[in-house]
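Quick one: structure below, then a few questions.
Note that the chains take the letters A, B, C and D in the order they are written out, and that residue 1 is the start of every chain.
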Amino acid sequence: MKPPLTGIIPPLVTPLRDRNELDVPGLERLIQRLLDGGVSGLFILGTTGEGPSLSYALRRELIERICRCVAGRVPVLVCITDTAFVESVNLARHAAEVGAHAVVAAPPYYLPSGQPELQEYLSHLIPELPLPLLLYNNPALTKVPIGLETIQRSLAERRIVGLKDSSADIAYFRAVAGMVTQRPDWTLLVGPEDLLSDAVFAGGHGGVCGGANLFPKLYVRLAEAARAGNAERARALQAQVRRVGASIYRLGKHPSSLIKGIKCALACLGICDDFMAEPFHRFRQEERARVERSLGELTAEIDALAL
Amino acid sequence: MKPPLTGIIPPLVTPLRDRNELDVPGLERLIQRLLDGGVSGLFILGTTGEGPSLSYALRRELIERICRCVAGRVPVLVCITDTAFVESVNLARHAAEVGAHAVVAAPPYYLPSGQPELQEYLSHLIPELPLPLLLYNNPALTKVPIGLETIQRSLAERRIVGLKDSSADIAYFRAVAGMVTQRPDWTLLVGPEDLLSDAVFAGGHGGVCGGANLFPKLYVRLAEAARAGNAERARALQAQVRRVGASIYRLGKHPSSLIKGIKCALACLGICDDFMAEPFHRFRQEERARVERSLGELTAEIDALAL
Amino acid sequence: MKPPLTGIIPPLVTPLRDRNELDVPGLERLIQRLLDGGVSGLFILGTTGEGPSLSYALRRELIERICRCVAGRVPVLVCITDTAFVESVNLARHAAEVGAHAVVAAPPYYLPSGQPELQEYLSHLIPELPLPLLLYNNPALTKVPIGLETIQRSLAERRIVGLKDSSADIAYFRAVAGMVTQRPDWTLLVGPEDLLSDAVFAGGHGGVCGGANLFPKLYVRLAEAARAGNAERARALQAQVRRVGASIYRLGKHPSSLIKGIKCALACLGICDDFMAEPFHRFRQEERARVERSLGELTAEIDALAL
Amino acid sequence: MKPPLTGIIPPLVTPLRDRNELDVPGLERLIQRLLDGGVSGLFILGTTGEGPSLSYALRRELIERICRCVAGRVPVLVCITDTAFVESVNLARHAAEVGAHAVVAAPPYYLPSGQPELQEYLSHLIPELPLPLLLYNNPALTKVPIGLETIQRSLAERRIVGLKDSSADIAYFRAVAGMVTQRPDWTLLVGPEDLLSDAVFAGGHGGVCGGANLFPKLYVRLAEAARAGNAERARALQAQVRRVGASIYRLGKHPSSLIKGIKCALACLGICDDFMAEPFHRFRQEERARVERSLGELTAEIDALAL
């Protein structure tokens, strides 16, 4: 693959049969659906993929199965964020052995570090990693932002090749986009799908959008419209993305509702199981009925957009 | 031991030679110092112990070495907080096998759960644990408070035997103390050492105080004075605890400064190495010189208190 | 009066007939009740008094009526916190003219200032004030804490004579108590009533407790017990204070519930009207019925304490 | 004027000679400069205008002078946000009498209200206002967001004619833009200038950009480019806006630095005095020298853009 990576790289949900057992056929169906939908890569073991909730043995198995199933058709990016340095490195080594293309790391997320501590952490981590690294900015979950001064230093480090930004701060994203012109191989991706067109207009390459697990083409076409500078088309598709979120992601009261909604919808579509690892659990019948109804409406709306 | 556990249960720092190697002689010296100082137990693999920064292999080794070294003289409480349910259970089983007395768990700390999710999580966790469980409330680090409604339900669960509260919210602590009268076997401990006397006056049994790694007797005597209702004596010792914090814990700008300060002081005293696991690192020469100076003053002040 | 001020200085609720009209007989009954209950002063136009919600004309009228009604029996402290310097000074001058004893000011609470800006603000404010000033620390509402470095500078300023601390941070309170030994005339008061005994044990002089509008003797006796070092008695009375809060302050979902609850209870007792200035409004029938029921139980419990 | 209002409506800084005295010639020069620069209206007494820091007498004088000076050439929007309902209404009446076109109100910003309380507040406020109202969403300063449910209700109220959104949350802004299609007369403006092009792409009408006090044409042209769907041009101008912010707004450590920077730059340009009302103060010589240098570079860059 030629960097930067553009388009949609979905944060793959992890189909589970039980707390420590994958839904392997579901996983394979999901991957096929996404590749058919035109995604540019897969981002695995992230927040949407319940990475931190899975045992290390299961994480290893998942990486291996996905790499085998994808078989090089698109790059596989493996999230190795961990509170323990040694475990991050172990996971990265496993990812390299089974054929992943890059790793992604947010700051260790228990006791928050300052920016100088984070920079020293990265300087220790890089030499231990057998794959190129994308940074992951998600201060709401890690408590530690990746400050612009840390981005600036990272641009001088050849093994760091991009950023996934889930801060929902477009001013920050635009500032990074301005700095990244020094590194044409850098991949700059946005997390929150409500900001996908804004991020691409601001100079980003694409998005890691949870909803692309469900409707990959919608997100792929939106990213294309924004890259082409088609503001009208982008506005219409972005409004549709908002309707996906309004119907599917907010049926529960807790932050886990987004993942519950996506997994529930995938189960309704017959793609994969909606079991969730602790501390979360699948939607109950009431929410599932609402997801089912919404899926019908959303599918009709999306069909009408003639993607 | 007869519950509840009263007095000081220090959150043991983890003496390290390198990121994945214990300082075994340092660990043994430290434990002996604390037992000589009159502590009532050891709390290991917590925040102060850098638990989340250590590899699982090292955590297992640490638990085993400590249990062997303590040899039943005081109870050993093992923190099993983890984002992954399966890893928490694995650690608890290991702790039981090597002779620990109880485990301690905060809510999984990546994507925050709501209280009903947390209650369901606990109801899944308890049957898998071979040891009794103390809850750990630390919303600043885990994002998820253990609400009073969750405490109320926990009081009906015989396998849950206590709470360590690091919220620094005395009104919450007092509310829990009021509820705990239903369960005379419950142990109610406070985290922040600046609140030790307040917590004991409010009905708590003792504290998990980081500074007790350094000056165990000071904290032991303070807890005793507060339990005896000696407000005057408690005020004087609590003021001394504040001076320890002011001199040792805030020499850096980041939250890690507290642990850095304690480890540095222990190194100055010749007890153990001050290496820290990533993403942190030991104090540099300048801060170390200040710690060294402060240690002299603090030791003189504490000697003058005739503990 | 001889400083420091000790005991309970209730944050007087403002009895209203309408958004711009006082309930004068209600105000007089309330003041009499508090004086009969043994309070040491009145704190007016604070948060509980809906100060920021009242027109300046009404604030002026209120100060004047209260000073006339109290007639020097206890000191009257007037909160002059404002976003506009000139209006704070205007209010302070009016307070001095009609016989108030001191003014109280928190940092201007719109765009937050840094500590150096706050210190410069105070250095401009002091010379304009005709009355001594107590500082008011309430970072949750003003966004700006009064840092310990600002306290330290304030201790060198003779016209600053105390602090009301509503931060609910006992470690901060204890640190201030340690510093205040330089100024035996300083009055150190705590805001949150759940911390009253803790604050007095830590060296504070008393509290500005909203619940004292309802049950003045309970709070007065609690402060006395704590000052006398009677930990047992303080614990029992403090637990009763918690029951007042649990029954009266949390019947609504919003922060205004505390004031709504106190005003509603005062109306149930026939003391004064429970009208509230916008953006708030009195409890509706359902909550009122619950307050009425709770009042009966609380009164019986408090009677049983033989205050 | 025909609604909606499109383009740039600068949040006018308030030129002051002293804490309670306007710099009248400076004010007139500033207004002329903005009108010459093509602004579509003026927004006065907002955060950038230090509204909450000014005495009521001065606020009244300012409204009157500005309306007289503008003389109907563009609409004047007056911010009446206040903690006291009665004072907001008084200010609105004065604004109507002296010829302002609309008022703007954020939620009362001391004790935070819930959404139902906010809705009731608005339902009381509207009938008292002699001018149409724009809502102002700025939760970082007021603590109270204007939720989408409150927007939905406001769209049914003919006297509410728009929203200024300073939340920096583009997903919220886009959601409002989707709802506003019901009300073609609504004006939807963005506050943070770093989001100007994003907001206009998302369906907004323009911006209330502090930097337009300095370089009105830059912001006017950027809003035009975005409205025309010219993504390339918008990106270039937006990058220039970022350089203005980086050079001028962040020379101090506190949030007031933005206003200090703009006032300082206007003083360097000979437009008006840079005195600031308490609790803030003008930049000192060192920062002023940096502003002066930056102004030269920025002016050259902006000239090169051939606006």
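Worth pointing out:
Rule of thumb we're sticking to: a contact is a pair of C-beta atoms (placed from the backbone, for glycine too) under 8 Å apart; a residue touches a chain by one contact, two chains touch by 3 or more.
None of these values were measured; they are calculated from a predicted model.
Chains that count as touching both subunit A and subunit D, per the definition above, do not exist in this structure.
Both copies, subunit B and subunit C, contribute mostly matching positions to the interface they share, with over half of the numbers common to the two. Note on chain placement: the centre of subunit B and the centre of subunit C lie 36 Å apart, centres being C-alpha means.
For the pair subunit A and subunit C, the distance between mean C-alpha positions equals 50 Å. For subunit B, the set of residues touching two or more other chains is empty.
Viewed as a contact network, the protein chains form a single closed ring in which every chain touches exactly two others.
Interchain contacts (touch definition given at top) occur between A-B, A-D, B-C, C-D.
For subunit B in complex with subunit C, the touching residues are 168-171, 174-175, 178, 192, 194-195, 197-198, 201-203, 229, 231-232, 234-235, 238-239, 242. Within the complex formed with subunit C, the subunit D residues making contact are 19-20, 47, 52-58, 83-87, 90, 107-114, 117-118, 120-121, 124-125, 141, 253-256, 259, 277-281.
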